[in-house]
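Think of it as A, B, C and D in the order they're written, each chain with its own count starting at 1.
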Amino acid sequence: MSGNTFGKAFRVTTWGESHGPAVGAVVDGCPPGIPLTEEAIQVMMDRRKPGSSAASTTRKEEDLVHILSGVFEGLTTGTPISLMIKNKDAKSSSYDQFKNLFRPGHGDLSYQRKYGIRDYKGGGRASARETAGRVAAGAVAGLLLERVGIKTFAYTLELGSVRAKNIDPEAVSKNPFACPDMEAAEKMEARVNEVRKDGDSLGGIVQVQAAGVPAGLGEPVFDKLDAQIAKAMMSIGAVKGVEIGAGFEAARLTGSVNNDPILEDGFETNNAGGTLSGVSSGQDIVVRVAVKPIPSISVPQQTIGLDGKADTIQVGGRHDISAIPRVNVVCEAMLNLVLADFVLRQAQVRALELFAKQ
Amino acid sequence: MSGNTFGKAFRVTTWGESHGPAVGAVVDGCPPGIPLTEEAIQVMMDRRKPGSSAASTTRKEEDLVHILSGVFEGLTTGTPISLMIKNKDAKSSSYDQFKNLFRPGHGDLSYQRKYGIRDYKGGGRASARETAGRVAAGAVAGLLLERVGIKTFAYTLELGSVRAKNIDPEAVSKNPFACPDMEAAEKMEARVNEVRKDGDSLGGIVQVQAAGVPAGLGEPVFDKLDAQIAKAMMSIGAVKGVEIGAGFEAARLTGSVNNDPILEDGFETNNAGGTLSGVSSGQDIVVRVAVKPIPSISVPQQTIGLDGKADTIQVGGRHDISAIPRVNVVCEAMLNLVLADFVLRQAQVRALELFAKQ
Amino acid sequence: MSGNTFGKAFRVTTWGESHGPAVGAVVDGCPPGIPLTEEAIQVMMDRRKPGSSAASTTRKEEDLVHILSGVFEGLTTGTPISLMIKNKDAKSSSYDQFKNLFRPGHGDLSYQRKYGIRDYKGGGRASARETAGRVAAGAVAGLLLERVGIKTFAYTLELGSVRAKNIDPEAVSKNPFACPDMEAAEKMEARVNEVRKDGDSLGGIVQVQAAGVPAGLGEPVFDKLDAQIAKAMMSIGAVKGVEIGAGFEAARLTGSVNNDPILEDGFETNNAGGTLSGVSSGQDIVVRVAVKPIPSISVPQQTIGLDGKADTIQVGGRHDISAIPRVNVVCEAMLNLVLADFVLRQAQVRALELFAKQ
Amino acid sequence: MSGNTFGKAFRVTTWGESHGPAVGAVVDGCPPGIPLTEEAIQVMMDRRKPGSSAASTTRKEEDLVHILSGVFEGLTTGTPISLMIKNKDAKSSSYDQFKNLFRPGHGDLSYQRKYGIRDYKGGGRASARETAGRVAAGAVAGLLLERVGIKTFAYTLELGSVRAKNIDPEAVSKNPFACPDMEAAEKMEARVNEVRKDGDSLGGIVQVQAAGVPAGLGEPVFDKLDAQIAKAMMSIGAVKGVEIGAGFEAARLTGSVNNDPILEDGFETNNAGGTLSGVSSGQDIVVRVAVKPIPSISVPQQTIGLDGKADTIQVGGRHDISAIPRVNVVCEAMLNLVLADFVLRQAQVRALELFAKQ
């Protein structure tokens, strides 16, 4: 009921606040027999780390993940996998000024109204630090997906209105913006520097994809593959929009153009983004995610205090200019969680075959 | 696991196929003491009815809803409310040609791959007829929301690339496209007629809103208010994109422009679309939904058969030109379901007050 | 949240009140490809029917089950199976005297306190009539279990303190008490007749078993096989106790006697009742269920009214002397639901095999 | 799906194995504003500690609980409460002999069949050590219940066939068996010493109660108060039977004796055990739980190995003679979890009142 768990078969519950002792996740439902080490998870964790990109904060977190349960002699056992990441570099005193003041664009005001109480240090539970648990869990999901031949990946399609024109997968790891277009990456850098000077921040668009997805994943009606993806992406703090395949552009096409013709060796186009009536068709999953600019800016803003009185606020400190590209790996992790869940759920549909084959 | 249930506290399970004996929904978790009649539900059902708009099929369904349980002497009792709508005007023989052929843009192929079996008549479970159950349940949710002062509504922002420029709420009921701009409505009509001649179809954009939403609804992390809304909307068959507030446009703004300043008497702007960190802020909820063109078109299309061999298909029959505006009421119903669920879930957060006040 | 759904993978939601238009169930998660007809379900329904046993009411209900969805050309499709049974022979006027009076042993008082409102006709939702939906769903589950070689059955171990001494499976269908001991059955009849004269009622003990259960069903920790069985049985209105294998007797044994030695060809004894640490061991599941006497008796009883004032009540009408043996088939249906759910859940554990074998 | 989570509104997920780095629990759904400290939880933890009773092992665990999230400045915030207890005194080498051998009465064989892999050290996930997380979570639930006036407690009704005759609540803390009858406690001690000499073990019966339970808790149909209690108790490894109120004895009473007459100032008797049709009536909840003898005994037993070959096993090491009385606090913790969950779920039923009162 409290919304800290994602998935039905491959279930992930995250816990932890920005400035508490630790953050973490419990992964429940992972099948037995999968090789799992802290090192394998760490690879994905490192892509999310502060300081790992050109647009990110200088806060230092080693973000070392600890496996506390669910693995025996290097293999998953089918029992819950408890993952913990300690919080280290948290200067909580720098947040005292926000104790009685609501930061615009943050959850301060809505949390206060919801709970009547609020952990004001670094955003508490609403902090992006919560996503460390998601990424650790998403790495586990990724290992499961690997076993069935599915591979997810994300890149920066747009940052500060600069859009990638060429899509060169090789380029993604060669620039600090995870952009598939080196020329666009340079323009992104210029834009970031400009905005950093102003104490302002930027948004952008992430493209997330999955290859190797077998047909049949996703459940009709409410738990459609695209519906779960939309929820997964929109559950990331900074996300304001999600589209699948042609997305909003599909609204402007005619049916004869938008329908993907089915050929003997596959589909001719992929306007659907890999899903038909909420079930995967065998094509690649293609998702785009709109990321708003980071709300923490040093530009002065109007706000009110706990007492309801007008005030002005300036959020200094070590903040990213943009959630991109650190958020890319979170998007990828969430897509992993969605797909791992549906892989296991599809096993239920084919259960009789499974028992028959035993 | 099978995805036919939506919500956790206010739970709706829909059932039924396009050409089976009936479709319906079970609403579980509705609080006791709410006046509920078949007539009250029917008002919302009638807005979804085939033949109710200029862009819709001529299939005639009375779509009379029957309440089979959960109401005693005109009031809800707190027990499950079973709602049934009989299928009447279903000429299933007209679907025989699709038995061995996959219609492009439909779930035929993905369902076959998922289940190894498929009800090919009218799309079976994947038919838009399934949404009759959603609307009936959404009407019940609407009565609950009314009790706490929340009102949802939807209108056509765009149809066939024609966009409403004026937003005049009064206009919505005065044209057959549920468009808030009479001039745009005329252009929409022209566009629909043009496309009908071609045997083609159109998509568009629906704007869905909620007014009177108290602050505090929605659960942090995975079940954010906007995440559930995204899932709810994307679970509608024709939807390919969802955005909240400024949505994809937010990706191009700087933080200082996108952040909504907080004033003593409310917010200055509503780029957030009514939600901060996944919890309602007290502002109106504003959602836009991209609707793809109806995949059933009489233009010939390439496809394959059950045997994998290439073929050509022409989907005739009584089909809408566009899911809009019939889908508008479905969007509204889904927003009702999301909000009713969160109203009840927020009661849990405030549970100690309730027991203290008893 | 409202507790009208049972199971996670094989999910059953029942709905309906004793004197509403109908009762029913929605079965969600049943795999595709299973032959399913109304006739097959009816066989199990008929065993639960009023008037079907020597200790039952004379209320006449045909209890014909209607399949409204989820079956296409005689096979399940993987979509929700909606089952409806109309209420026919309901003389609701005979319940007017209970409008303002709480019947002892019934849910009248607790429902009133819970909801502040109450459908007083025939117990409303708390009526044993609700179990019609369970049995219909349990019949579907039974067809699934049949496919994996599992067979459940129930018999009357004890009625009105008369206990079966011989366990002869053949005898069960040869006496009106579903007792496996013909001699005991005769004594039961004498006891029932005696108590009927007094206007009183009787309780007893049902034994429910499952044969052919493969090892590995059930989930460790909270959803243990025995824990789900205990919940399933105790969720039947009249049940006050549940024990597995040696049950309460195990509390008096030493470990060396209670442990079931493991031999090369199986276990030597079955004190465990078929489950070890909550997971099936391959032995038969053996459960005993304590059924309280029917609370509706024509003996005068002390009670209070809605106004809290003392009063006397006599519950006449067409009531069973004992819930046994009609409740036996409900116990069997519930065991079916538990096992079908775990069969599907086990498919998740073996999911990688399934994908590997594709 | 994997059964490591209990509850719907007050949700508890436990994780951890006997010989892994730690065990723990995540409590999700606890309302904000409740004072919570590690010390308050520790009080309940200490009652479960090895070495805390006359019938227990000498394994030393400090069992210090750490709160990793969900508490800010001493108050719960409404976000997940992560609780961790490190494993310290685990000599895992002593378990090497069980690597290839199934211990009778343990989950070794069933786990192996379920997962195809097994953490054989100390029973892994099936170890009673898992209940440390339950008790920590149960302590949090207890603090919530305290706020609404509910108090749970457990005592030893029977141990090794010695039954308490007097029920003197004061006596419970005055003997090492948590027995409410000092005379019986002495006999229990004699029985324990006798069995210890034989290398054997004992079972018994725990009585668990709740006082101050308001009417209206529990959900009709499947999630009845007694059904959830039955599941909760049977989910404890050693439990083989559960009964409510008169329990199995009710099966032998007539309706006129078993029904509890309702008087102006309450009920005359409590055969129901505090629940009517699955909803609390305002009376005390009374539950009895059958606990089997500890399966780990040093008496030689027949078993088979991983290879299916017959063998003999002797389980030495530091084992309790009986799960009682350490299991008592686990029963109490589980009753806390059930009741806390229903308190929050009842808030949903009364949600409209809550919103009206705001």
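Criterion: contacts are C-beta pairs under 8 Å (C-beta built on N, C-alpha and C of every residue); 3 or more make two chains touch, one makes a residue touch a chain.
All values derive from a computational prediction rather than experimental measurement.
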Labels of chains that are neighbours to chain A and to chain C: B, D
A-D or A-B, whichever has more C-beta pairs in contact: A-B
Chain at maximum distance from chain D, centres defined as averaged CA atoms: B
CA centroid of chain A to CA centroid of chain B, Å: 26
Centroid distance [mean C-alpha coordinates] between chain D and chain B, Å: 45
Mean-CA-position distance for chain D and chain A (Å): 38
Sequence positions of chain D contacting 2 or more other chains: 1-2, 4-5, 8-9, 14, 29, 32-33, 78-79, 114-115, 125, 214, 220, 344-346, 348-349
Residue numbers on chain B that touch chain D, as the complex places them: 1, 8-9, 29, 31-34, 78-79, 144, 147-148, 214, 220, 343-358
Touching residues (chain side chain B, partner chain C) in the complex: 1-2, 4-5, 8-9, 11, 13-17, 20-24, 26, 28-29, 32-33, 66, 68-70, 72, 75, 77-82, 84, 114-119, 121, 124-125, 344
Contacting residues of chain C [partner chain D, same complex]: 1-6, 8-9, 14, 102, 104-111, 113-115, 123, 125-126, 130, 158, 160-161, 195, 198, 200-205, 214-224, 226-235, 237, 240-248, 250-256, 258-264, 268, 272-273, 275-282, 290-297, 299, 301-304, 308-310, 345-346, 348-349
